[in-house]
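All remarks here apply to the structure that follows.
Note that the chains take the letters A, B, C, D and E in the order they are written out, and that residue 1 is the start of every chain.
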């Protein structure tokens, strides 16, 4: 399976995430779109890892090439989890004070 | 030599000392002390000058060195003084006439309160000092010092009564017009330095340095020098300050604006006659300017009614004569006329002063008349003065003027004719003045008549002395044909390059004299007959008005030069400075403010937009990086170091 | 020895910050400044060895002070001006006078540093150090429009000096072993193009500081708005920083570029001279008048230096000192008038000669110096400078010469309006003459005439500098 | 067109479609559900790439924990579909254009890039995706980041405490 | 390594303090002592003494430079906490929690000064950012604070996404996360096999720009700095930003030259736009706090010069800049905290009522503006020097200088308010000790302004 396919797929997902961030106003949805971006990256990383692994396999039968990427994905998930906890905490806090999570209403700070 | 060093220092420093002492002690000394001190110093330096004169007579010219005024790698200007025939003559005239006028002033300025009295004498002494610098200096720089010094003193003395605005204006006018001339002088000096690297007479005025100068140089330098002379000696176009200068006290007019300062120009040109006689063009210009000034001033003088104004214009016209003399190469003649003119013009002014004094500062001749009996001495002396200036033999004026005319005749007949016309007019207006003032019956108010009195001795004594001098002063220059040997010419032969020797045949010269005498005589008789009874009222004829209003030259200057300059500077101040230049400066500040106001609007507070901008930013970076936008690359290569 | 020129003012300034009593403050300042004056006099007639110590090893910049004729003459001027100013303005009431004085002393230290620094970075350092106290002085004690005006002045000059900083950086980058010393800069290896760039960078800073047309607009406003004591410092000494910079750095570093720009700069300066003179004619505010006349004089000096003729530069060297003295005198008089009559408009003055004859005479005296009357010090300088201009190009000299006449016009206008005429009530209300100030003025006037009749000491003082410059 | 390709294509299509649905569905809850589907699709890809460990973690952490958290929050503040006012069309358009150009730009770059041509991704073989080697690496080579990620959690915890408490 | 371990431990300790010890003062003291220990441990490592010896497997690489910078961070934090202890306590009776976060941030910072692997970069940045989101939102009842927190969080995690995509590309191109230097073969153009790698680098570049708030990724800065509690803003604007820069430099110094001249172009673009936005917009601000936010963007523009190329000037310069800028900023914010409101008018006539306070503020502002005799001058000078030494065109330097002149505009607006405008400053009472602390900072700045070299003597020996 050529790597380009994966790249295309992931970039598409990533961009959809970006578009979501740009077009939605609900903080939670925006945040979800960011998660989508992260996932796209994850998939791409795994794809790369397997690509490198395949390349390395040709040289030596028991290589561990590509493991780092998969671990990287693991760490990304870890971090994402932490981020989500904080992010949702903040969102909830805001919802407590202003009964809205519309990011466009949050423009008291400007200029 | 050492003796000379002391002597010259003596001559120079006495007046300076007088200036300082009177200036500083003005509040402490009584008028008497002040006056005697001031006069005494001048007399002292007069005596010293006599010694100097005698010394030069038997030892020839001497140069005394004190110190280097400027001494740099490229230029050295010594502080030297030169005493030779020319300067010693001027010394005598300046200090001599000077001391007489000091004496005269003692009485004339009596009404002044003592500090101002002291100020007056301090200025006079300072003037003498600067004048001495001017004539004694051994190079053009020192001459220039004196040159500007006398200008300053005349400024101070014209504006002596400083609370009067118009007097101040006159003073300022005088100074500024002089300054214009001085600029010419200065440029001439620079030119000399640029070409020769020196300004000392005995290095500049020599054959080899002349060889270094091209004709263009000489013409340029001499013309610029002449511009300087114009300012100082009130020639066209810079003459209008002199009549206004009559605002000063009368003795000042006598000393500065008749006898000494205004003749500085003649001195300067005579001093550098070698240069002038090497430039045909300049000589002609000098002659033309001279004669035309003479005529112009004469025409104006005919119509004036202020006694001092008449004399002032006559001074201008006499100066014109001198320049004519210089122009035609009769340097000694010019100097001769300077000396005689110093005598009789000083005399006339002082006489006028005594009249004014008697009439309590009445200067309009139409309100005078019949003073003959009231002021006998003044009358006699004044009359002598008039005769002398009119050029009636054997009075001094005749000889000097005749010498100039003769030279003019031989140079160019037209000069001579015009000169004669001028002479005729001189005789006319002088005797108009004399007649209206002294003859006829008194036209002033009664209490003036009541208080009419002859002036005190301190004033009449100078009159008498000057009268004698102007009567017999011609003796120093009696031409050969009259059996004289022209002592003056021989005196100056060392300085004047081409001493003007009478190349005319005896007969022609006699004829010329005859003609001039005849014309002068007729015109003065006309004047006498016309004005001894009545005075002339406001001129009716156009030409009369024209002369009466001094050819409208002041108005012309006002309209053509002064007002435009004022407008121009106002334009610069109000528009260019405020709007254009400062506007640009403040504009940049405003620009920053403006762009600040605009740019901050991007920060609209909405996270969505921020992220959008970020994405756009990333895209831009990509474009710059990969497609390497050409403008940026161009800038880069442009500024690639 | 040389370090004292910095230490005395700075230490005194710091001490002054804690002396609250005015009666104590100004004597302290005066004594300190007189001490520096004594030092300066001693220094100008003796040989002084340079002071040198390591400063910034990582930048390879050294703390170097050295005094040649040029430095000496300006040090002398500075240390004459300060005591004169202190004494003359001793009567003036300023709030928190001790701060005022100490800031002035800081300025003095900065000026001294500028004139003595032998290391480019150090030079820049003191350049700013001289500027900042002045900023505060003007903004705190100045006139009603002070804040805006002074800020403009600050930004303007600061921007200029930043350009100089770039120039220094640029040269420094091209020297061997990245040194800031004069010698290293002279031997920096630059292409001609780079030389011209560096020249421009330096020149902008100096041009703004002097200032020369058309970069001058900050000056009249600042002079008008700032307290006269400060104006005196700025006009008598600070503007000389620009000329000093040109003589000390620009001319030796880029003789070629210098020569290449002679005509442009000279033309600009001459235009500036006439421009300023014309504007001065129409000024009614005495401080603005002096400001513009000062612009004209500075322009002449700049032009003379840029003729690169020995005689012109010599004239400028002398005039650096003379102009300082003369303008100082004029400012002191202007200050007395402002303090005693409460106005700066010359229309409202007049008849001073009746009310305070001595002051009037002094005014005339300095007016004469201002129009370069012979036998005043200014004549010597201006004579030589015009001479240099003439050698460069007669027409330019003639053109610039017009300013001689214009100077006479506006100066005599001033004298006439202030001293002569009927006595006005503003003048009439003047209190008793300020003896201290008048004494200072008399001393200055004596300097004016002595150096005018016998300027030789100044020539000998600056001879060595002239030699070095002409060697280039 | 072997099975793998079919799987790949279907999964990809599935992922992309549901991702788009996340965007366009009005109701937040729907978007959450769609997102969960995306995650499942991606997990499918992991399995296809024989990265079983990540596949599981992805399901547990993302689809399980995180998304439930999201749901929970949304429920908590019961945001109705009409609660969210829509951005006006223009802004949306701009957003789409920006994102699209971002995508095209990157795709163009990838196309130009030569170093990936002919590189293949190894599907379903290879053991690196299994728990054993990953665990091995994690606790030997990657122990430092592993430990440090605990700091991350600590700070997150403290933060949650700070924000959470009244 | 020591720094990382010790700071983590300290963080944990502080966490427990928040339960154990109720007295704010004690907590502050503990924190200060902890920082002291931290500094010591770091210095210990500088002299080759480790708490635990073990191989980081190429995750971290400790350089003298990095460790030195750590020391600076800790020292500055020390001053910061010493100064702002009471202020922090005001938010929450549990100041210890915040101290804990500070320590975690420091841990992240010391990771960023020593990472040798993109994974560590990622984790470091996250450790750095997540506590910041909290600190920004610390003032829970304050809507501005909330808003700032949300904005910061959303944009921050978005930039994280970008960063990850970049890293992924780099991995894809090189097959490793290690900072192999240089990853790119030197070349002027862009060889087609390196495009993806360059793209990755560029994405990382963008993300890092976000962290150091360089235009056009600066948008969060004004709002967040403005919204966040002042006391935390000053921490954010100093230590955190500085750490970001160090990371930034460590990545790109190795790559920069290899990227060819287009890289310089991109960097110039970012620099110029950053300077432009920062300086120009700051001119028009009415709130001092917001002005400082923009000015910090402008300062970032100057710090970016260090990226232009490797040189002794660059490394010395960034250090000097970090010190000077952090001290000055902390100082100014320290004064600002005591103000009742943030407007310029609040400062009117401060010089009359509190001359000393006004004086120190002036020193801080001068230092920020880069006026000689304050450290700021040399900081800027080194940066310009670095820029030129790295071969930038003179035009860039001139632009920088012009903007430096513009910066005088807004810094001096405050000076004018304090000295020249008469008025009654609206200020809470300031304890003597506090003022002297500020004075100490000011004196430090002055010393740095005359002898900046003292900093570097320690850097190499």
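Criterion: a contact is a pair of C-beta atoms (placed from the backbone, for glycine too) under 8 Å apart; a residue touches a chain by one contact, two chains touch by 3 or more.
Fair warning: this is a prediction, and the values are worked out from it, not measured in the lab.
Novice: Return the chains common to the contact lists of subunit A and subunit B.
Specialist: D, E
Novice: Going by average Cα coordinates, which chain is farthest removed from subunit E?
Specialist: Chain centre farthest from subunit E's centre: B.
Novice: When contacts are scored as defined above, which chain pair ends up with more C-beta pairs, B-C or B-D?
Specialist: Most contacts of the two pairs: B-C.
Novice: Which chain has its C-alpha centroid farthest away from the centroid of subunit C?
Specialist: D
Novice: Report the most central chain, judged by the distance from each chain's C-alpha mean to the global C-alpha mean.
Specialist: Central chain is C.
Novice: At what distance in angstrom does the C-alpha mean of subunit E lie from that of subunit C?
Specialist: Once rounded, the distance between the two centres reads 43 Å.
Novice: Starting from the mean Cα coordinates of subunit B and subunit E, work out the distance between those two points in Å.
Specialist: So the centre of subunit B lies 78 Å away from the centre of subunit E.
Novice: How many angstrom lie between the centres of subunit A and subunit D, each centre taken as the mean Cα position?
Specialist: Between these chains, centre-to-centre, one finds 5 Å.
Novice: Please tell me the distance, in whole Å, between the geometric centres of subunit D and subunit E computed from their C-alpha atoms.
Specialist: 32
Novice: Indicate the residues of subunit C shared as contacts by at least two other chains.
Specialist: In subunit C, residues 155 touch at least two other chains, as defined above.
Novice: Provide the list of subunit D residues touching at least two other chains, using ranges where the numbers run on.
Specialist: Those would be 87, 91, 94-95, 98-99, 102, 106, 109-110, 116, 141-142, 145, 149, 152, 156, 159, 163.
Novice: Hey, what residues on subunit E touch two or more of the other chains?
Specialist: 119, 123, 126, 130, 133-134, 137, 140, 150-151, 154, 158, 172, 195, 199, 222-223, 394, 409
Novice: Which of the chains touch, listed as pairs?
Specialist: Applying the touch rule to all chain pairs gives A-B, A-D, A-E, B-C, B-D, B-E, C-E, D-E.
Novice: Subunit D touches which residues of subunit B in the complex?
Specialist: Residues in contact with subunit D: 608, 612, 615-616, 618-619, 622, 626.
Novice: Considering only the defined contacts, which subunit D positions touch subunit A in the complex?
Specialist: 4-5, 8, 12, 15-16, 19-20, 22-23, 28, 31-32, 35, 38-39, 42, 45-46, 49-51, 53-54, 57-58, 61-62, 65-66, 69-70, 73-74, 76-77, 79, 84-87, 91-92, 94-96, 98-100, 102-103, 106-107, 110, 116, 118-123, 126, 128-129, 133-134, 137-138, 141-142, 145, 149, 152-153, 156, 159-160, 163-164
Novice: Quick one: in the complex, what on subunit B touches subunit A?
Specialist: Where subunit B meets subunit A, its residues are 600-601, 603-608, 611-612, 615.
Novice: For subunit B, which residues count as touching subunit C in their complex?
Specialist: My answer: residues 67-75, 115, 141, 144-145, 148-149, 152, 155, 159, 162-163, 165, 168-169, 172, 175-176, 179-180, 182-183, 186-187, 190-191, 193-194, 565-566, 568-570, 572-573, 576-577, 581-582, 585-586, 589.
Novice: So in the complex, the part of subunit B that touches subunit E is made up of which residues?
Specialist: Touching subunit E from subunit B are residues 592-593, 595-597, 599-600, 602-603, 605, 607, 609-611, 613-614, 616-618, 620-622, 624-626, 628, 632-633, 635-636, 639-641.
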